[in-house]
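Two complexes follow with subunit A in common, the first pairing it with subunit B and the second with subunit C.
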Partner chain A sequence: MGAGHAHPLHLPGTSPVHRMPAEVKIVAAVLLVVCVVATPREAFPVFGGFLLLLGAVWVAAGIPPGWIARRAVIELPFVVLAVLLPFTGEAPTVVWLGVTLSEPGLLGAWNILVKGTLGVLTSLTLAATTPMRELLHGMARLHAPTLVVTIATLMLRYVDVIVAEAGRMRVARISRGHDPRFLWQVGATARGVGALFLRSYERGERVHLAMLSRGWTGRMPQLQPGRTSAAQWLVGLSPVAAGVALAVTGWVLT
Partner chain B sequence: MVVAMHMSDGLVNIPTALAFAVVAVIGLGFAVTRARRDLDDRTAPMAGLVTAFVFAVQMINFPILPGASGHLLGGALVAILVGPWVGSLCITIVLVVQALLFADGGLTALGTNITNMALVGVFTGYAVAVAMRGLARRSRGGLLATAFVAAFVNTVVASLAFVVEYALGGSGGAALGTVFALMVGLHALIGLGEGLITAATVGAVASVRPDLVHLLRPTRAALDSRDPS
Partner chain C sequence: MKPAEVRARERLGQAPPSLEVDGLTFAYPDGHPALRGVGLRVERGERVALLGPNGAGKTTLVLHLNGILTAAQGSVRVAGLPVGAPHLHEIRRRVGIVFQDPDDQLFMPTVAEDVAFGPANFGVPTDQLAARVDAALAAVDMTGHRDRSPLHLSGGQRRRVALATVLACEPEILVLDEPSSNLDPVARRELADVLGRLDATMLMVTHDLPYALQLCPRSIVLDDGVVVADGPTRELLRDPDLLRRHRLELPYGFTL
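Right, the complex of A and B next:
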C-alpha cells in the first residue's frame, strides 16, 4: 500500500519527456488538446498530422504505441453518443450498405470520435510520463490554490488505502455468497459504502491528530523549490507550436 | 459496458469549453473559501480522506440495463454527508485527478465536467435534500426517501446541464430533442441506481454516526432556540 504511490497509467522512464517539469507538460497537454478541438472537423488530413505529432512525442518518451493503444480503450464509454448520431441526425442522408445514415450526423460522430481519441491519447501521454508527486508539484507551481493541492496530495496518499479497503469489503461479501445481478440487490454493497465512508472519515480524524502531533500548521511545507527555466518551457511547448500550425492549416484548408 | 458521465474532448467547441472553465474556476474559488469555514484546520486531512472515499466509490459499478452499467457519481451522497461546499470541492478534485492521471474525461472538457457534476449536481442534490429536511429529520424512512430523491434529481439535472452545453456549443449532427431524450432517459435509469445506493449508504451512516450526516445537523436557528445563552 505504501509502496511508491505509482498510478496505473504511469510508465516509468528517464527520457527527456519524463524529466520535463510537470507544469510544462500540463500546460502543453491542455494547449495541444485545445488546438485539436479548435481544428475544423472537415480538415481530415490535419488530424493525421496531430497523430504523427503525438507519435513523435511517444518516440521521444520511449512509449511503445501498443502500450498507449491498449489503454486508449478507456475512451469507449464516452463515444456512445457518437455511435448514435449517424442514425438519428437530420437530412441530407446517404445510403451506405443499405443503411440510411445522416450526413451531418456522420460528421458530428467523426468530430467527437477523432477529437475524443486525440484528447485521450494526449492525456495518456501526460499520465504515462508524469509520476503523481511531480503532477502535484506541477499543480502547485501553476498556482492552483494551496488548499486544493494539499487536499489532492492527501487524497492521493490515501486513495490506495481506501480502494484496498473497498476491495477487502467486496471480497468479504463475495466469500459470504453475495452475487448482485440486479439493482434491488445492491443493499449489501450500499451498506458497505456507508461503512467505507465512516472508516474514511474516522481515518481522516486520526490522520488529522497524527499530523497535529507532528507539527501540522495547516500548510504543506514546500519540498521542492526548484524553478523551471525559460529553456525548459520553450522545449516543452514546442509540440504546441506544431499543434497551432496544424490547426491554422486546418482553417486555411476548409 | 460502463456508461460514464465524464465528457470527452470534442463534444463541445472551444468557446463553450472556455466559458464553463471560467464558471468552474469561480465555483471552485467559492467552494474553497466556504469549505475552510466548514472544516477549519481539519480541512485538508478530512477533505482529502472524503475525496479518496469518493474516488473509491466511483469505481463501484451497478447494472442499469442488460449489458450496460453505470458508476456511482456520489454528488448527492457527499452533499448530504459533508455539505455542499466540501462536497463540491471533493468532486472537483476527483475530476481533476481523473483527467490528469487517469485520462478519464477530456482536458478541455474539465470545465464542463466540473460544472455538471461538482457544481450543478452537488448543489441540486443539496437543494433537494434541504427542501426535504423536515421529512428527513422525522424518520429513518424520510431520510432514505430524501437521499433517494436528491440523488435521482442530482443525476438527471447534471445530465440536463450537459444538454444545455451541447445546445450552446455542441459538435452538432443530432437534433437537440434526440440528445435530450437519450441523455435524460439514460440518466433517469442511472439515477435510480444512484438513488438506491445513496439512500442505503446515508441510512447506514445515520444509524451508526448520525452526528456525521451534515444534513441532519441542527441549523443555527434550532441551536439558538435550545440554548438560551
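Right, the complex of A and C next:
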C-alpha cells in the first residue's frame, strides 16, 4: 500500500486524467455514479452510452480495458444476489429455455448488475489514475473532516508496519513449534493478536509524541501550494455533463 | 525571558546557552523516581554525548527538553526560554528530537511530505516548504528519495530521513536518541559522516561509546537519575572505574 510504489488498483501515468487534481476527479466520479443511478433501468441503450463515456476516459488516461476488466471482478461477490432475483421474483413470468423467470425479477437483476458494474468501473477509473495519497489530499481540499483524513493518512502509512509486525510474531511462534492448523491451538494466535494490539497501541503513543515534538497542533498542515483552477474544474467535470445528458435522455426515452 | 527578548540577544551575539537544566526531578506515576536533581548546561555549537546504562533516565530527560513531560521540580531552559506552557510551540521548534525508532517518527506516505510536516506546523509558508525539504534532504544525502514511501527505505536511510524531518525545522539544539542503534556498520558510518558535517548544537543520547568519542568532544554520564560525570569524552572513557561503576563498557578490543 506504499505510496509511490505499485498499488494493485493504481496504474501510474502522466496523462491529462492522471494530472487532474484529485478533488476534481473525486467529485466527477461521485456525480457520474449519481447520474447512472438516476437513469431509469428500462433505458437500455443509455447504459451503453455510459460505458462509451468511461471508455473515452480510459483512452484519454491510457488504461487498457483488459486491465480494468480484470479488476472489475471484485464486484462478483456483491452481485450474486442479483442472479437469484429472476428465480424468486413475482409474476408476470416468461419461459426461457424451459426455465420460468420472473419479469420484474429480471429487470431488478439487470438494474443491480448494470448500475453496480458502471459504479465499480467508475471507481476503478478514479483509483487507476489517482494515487492513494493524492486521494487523501483531494479529500482534505474538499473539506472532508480533518480527523477522518488524518486517520486515513496514518492508516496508509502504518497498515504495512503492523502487518509486517504480525508476520514477524507469527514466524516467531511457528519457530517455537506452534502449528496453527488445529483449533485447540487458536489460543496462542488469539494472544498474539492481543499482543499486537498492545504493541500497536504503544506505537500510536510514540508516534503521537514524535508528532507533538514537531509542532503537531491537531490538524494536518497544508503541504502543497497551488489551487485548483476553474478551468481544471470545467475540464474535469465535462464527463459529468455528458452523464447528465445521458440520464435525461433515459428519462425522455421511457 | 520572552521569545522576542531571546531573538534580540541572539542578534547582539550574546545568545544564552542552548540548553540549561537545573535541579530537574521527575517520578513515574507509580512513585519510582526517574530523575533526581539533574543539572547540565550545553553551550551554543557544542556537541555533547549523554551516556548512561539502560534505565538511567536518559529518555525521560529527553522528553523534558521539549515539554512533553513537565518538571516536577527544577527547570529546563532552551536558549533562555523556560520550557513551559506559554511558548511550548517555540520550544518545540528550537528543540529537534530524533527518536530512536524511525518508524515512530516517519508517519507520512512519502519522505518529502514527512520532512515538510514540521516546518509547515511551525508556520513556514507553503511556497517555501519545497526549498526547506530539498535543503534538509541534501544535508542527509537523501535527495533522490523524496517521493518514496519511508516503508521502502533501508534502516540507515530511514534514520537519515528522520534526521532530515528535524533539520527542516532548523532547531537550536538537535537531540538524538540512540542514533546508531540497529544500524549496520556502513549505515552507522554514513550517519556519522552526516552528523559530523552539521554545525548544529547537539545532544546525543547513546551507550555506543565509540560513537560518542567520534562525534562528541564532551560527554555527560547519567546514572540512576543524576549526573555522575561531565568532561572530555576521551578522559571519561579512559577511566575504567568510572565506566564499571555505571554499567558502561567499551567494545571488545577497543582501547584508548
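One rule holds for everything that comes next: the second predicted complex is superposed on the first by the 213 of 254 C-alpha atoms of A that agree within 3 Å, B and C clash if a C-alpha of one lies under 4 Å from a C-alpha of the other, contacts with A are read in each partner's own complex, and residues count from 1 in each chain.
Simple rule for what comes next: contacts are C-beta pairs under 8 Å (C-beta built on N, C-alpha and C of every residue); 3 or more make two chains touch, one makes a residue touch a chain.
Note that the structure is a prediction, hence the values are computed from the model and not measured.
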Touching A:Tyr158 in the superposition: subunit B (first), subunit C (second), both, neither?
both
Request  = Quick one: classify A:Arg176 as touching subunit B (first), subunit C (second), both or neither.
outcome  = neither
Going by the contact rule set out at the top, does A:Arg227 touch subunit B (first), subunit C (second), both, or neither? neither
Max touched-residue count on subunit A (subunit B vs subunit C) belongs to chain B
### Message
According to the stated criteria, A:Ser213 is in contact with first (subunit B), second (subunit C), both, or neither; which is it?
### Response
second
First, second, both or neither for A:Arg133, with subunit B first and subunit C second:
second
_Looking at A:Tyr201, would you say it contacts subunit B, subunit C, both, or neither? Reply first, second, both or neither._
first
**Q.** subunit B versus subunit C as contact partner of A:His7, first or second or both or neither
**A.** first
Footprint intersection on subunit A (subunit B / subunit C) at 132, 153-154, 156-158, 161, 203, 207, 211, 216
Given the complex, residues on subunit B that touch subunit A span 1-4, 6-11, 13-14, 17, 28-29, 32, 35-36, 41-53, 55-57, 59-60, 62-64, 72, 81, 89-90, 92-94, 96-97, 99-104, 106-109, 171-175, 178-179, 182, 192-193, 196-205, 208-209, 212
So, in the complex, the side of subunit A touching subunit C is made of residues 2-5, 132-133, 136, 153-154, 156-158, 160-161, 203, 206-207, 209-217, 221-225
In the complex, the residues of subunit A that touch subunit B are 7-9, 26, 29-30, 33-34, 36-38, 41, 71, 74-81, 84-86, 88-90, 102, 104-109, 111-116, 118-120, 122-124, 126-127, 130, 132, 135, 145, 147-148, 150-159, 161-163, 165-166, 180-184, 186-187, 189-191, 193-198, 200-201, 203-205, 207-208, 211, 216, 218, 220
Subunit C residues touching subunit A in their complex are 63, 66, 68, 89, 92-93, 95-97, 99, 101, 103-110, 113, 116-118, 120-122, 126-127, 129, 147-152, 165-166, 169
